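Which chain is which? They are A, B, C and D, in the order written, and residues in each are numbered from 1.
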Amino acid sequence: MKNFIYDRTIHFRDTDAAGVVYFANVLAICHEAYETSLVASGIDLKSFFTGNVAVPITSAKIDFFKPMFCGDHLKVLLDSNLISADSFEIKYQIFFDGESQRAIAIAETKHTCIDSIIRKRISLSPQLLQWIKFNQ
Amino acid sequence: MKNFIYDRTIHFRDTDAAGVVYFANVLAICHEAYETSLVASGIDLKSFFTGNVAVPITSAKIDFFKPMFCGDHLKVLLDSNLISADSFEIKYQIFFDGESQRAIAIAETKHTCIDSIIRKRISLSPQLLQWIKFNQ
Amino acid sequence: MKNFIYDRTIHFRDTDAAGVVYFANVLAICHEAYETSLVASGIDLKSFFTGNVAVPITSAKIDFFKPMFCGDHLKVLLDSNLISADSFEIKYQIFFDGESQRAIAIAETKHTCIDSIIRKRISLSPQLLQWIKFNQ
Amino acid sequence: MKNFIYDRTIHFRDTDAAGVVYFANVLAICHEAYETSLVASGIDLKSFFTGNVAVPITSAKIDFFKPMFCGDHLKVLLDSNLISADSFEIKYQIFFDGESQRAIAIAETKHTCIDSIIRKRISLSPQLLQWIKFNQ
């Protein structure tokens, strides 16, 4: 098992008036890690996210253990697993850069492959199966 | 049990290039419902979110059953429950306006009350306990 | 001349770690006012923003006179003007609710109508011309 | 004159249902370039954005020449200029990576230094003056 790793600095826009990162933005950062891992396996993002085949998120969850501040350097570790012929899950572990002992947040997203026109389930493409194999 | 109800129209900014609402933005819409319910119970948002007492979200989860499009009218039903002296949870059910039979998404957030300076747990304020009672 | 008025409360998500609204989010709030005025004139947002005719923003500007905080109630006044057969501008004035003497921000967006497939300029639809007349 | 350069890939979250980047998000990307240039000159972002000295944006403007899609690689060139003892402006030019002939967008932000408690103008710090000199 080899995790994909995404490096991310916390931007000012990610924060809120409590001075820390707004909770839902951490899920958006996880999604950036997912996109970056897709690119790393040779997938073209523009066609991936706007084509007739879509893999919408059917559920997401996240646990927060420490607050994140503007300028913090994060490492997001990602691994993906096949759930069924038409669905997969991604697990994310977020660390402060240089502190790989204790995750500051962990998250999970589930994705189902559909025909985006008729919105019916279809099997994952060979390209996505290869990406899952690459990151599991 | 009486749910707080928040009305929300999907904005263009909420959507992404797949043509539907970006997943993490639905949690942000749930948080708007939470804020609106705080105001309804007499809480001042500015001091609530920037004072020395904070109630950060420690976990969040969401399940999606139907896609949401720009212009869609939503009803977000919210109810809150005490977990312990220093924590509570909020459950959200999202419906298309006029279709109250089938939720299009359900979500949950857990919140823990802390002293935001020393970041240690403290008991929920009487004001928040009243808000929980009001929405449970 | 009659302005369209959009009421908006500042959400926690709109703010940043400086404790006030993040600058670019005020332009997003102006865009919400634009969307709401389109709906008020009978335009369906979902087809408007995803059809083969698009009216992308070609320029935007904004001046800020006072900071906005979470929970603040705003009134956004909007008026639109035809620039040419294929373009229009919108002017926005933002006030604190109940303080209509001094704007806290003013903004402007310019929009050009295009065929979104070939991305060439085309004339504004009768529907948009009617909306402009309605809000100028 | 030497421009600071910020590399940025367009994320899915940056886009909207028209399939391209949501206009206000391009200003947020410009702000990321600003933050990254501050770090490059030795400024600590966390204290910079939450201290008693703030440099809020007083105006912003942007012109768009080409649409940006999910996955596009951008180069943001930034240069800063002193306006007065307490204010400066930043100019941004955005290019597609590898196409440095024609900007796809240009933007400008103006910033005024204030005491964030009493919200009165104060002179720019030596640290910020050095950053301006570095990027002009």
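In this section, contacts are C-beta pairs under 8 Å (C-beta built on N, C-alpha and C of every residue); 3 or more make two chains touch, one makes a residue touch a chain.
A quick note: this is a predicted structure, and the numbers were derived from the prediction, not measured.
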Determine, using the mean of C-alpha atoms as each chain's centre, which chain is farthest from subunit C. A
A student comparing A-C to A-B should find more C-beta pairs in contact for A-B
Round to the nearest whole Å and give the separation of the Cα centres of subunit A and subunit C. 32
How many angstrom between the C-alpha centroids of subunit D and subunit A? 27
Rounded Å distance, subunit A centre to subunit B centre (Cα mean): 23
What residues in subunit B touch two or more of the other chains? 12-13, 15-20, 22, 24, 28, 31, 49-50, 69-70
For subunit D, which residues are in contact with subunit C within the complex? 16-20, 22-25, 27-28, 31, 49-50, 54, 56-64, 67, 109, 116, 119
If you look only at subunit C, which of its residues touch subunit B in the complex? 9-13, 15, 19, 28, 31-32, 35-36, 39, 44-46, 48-50, 69-72
Per the contact definition, I'd like the list of subunit D residues that touch subunit B in the complex. 12-13, 15-20, 22, 24, 69-70
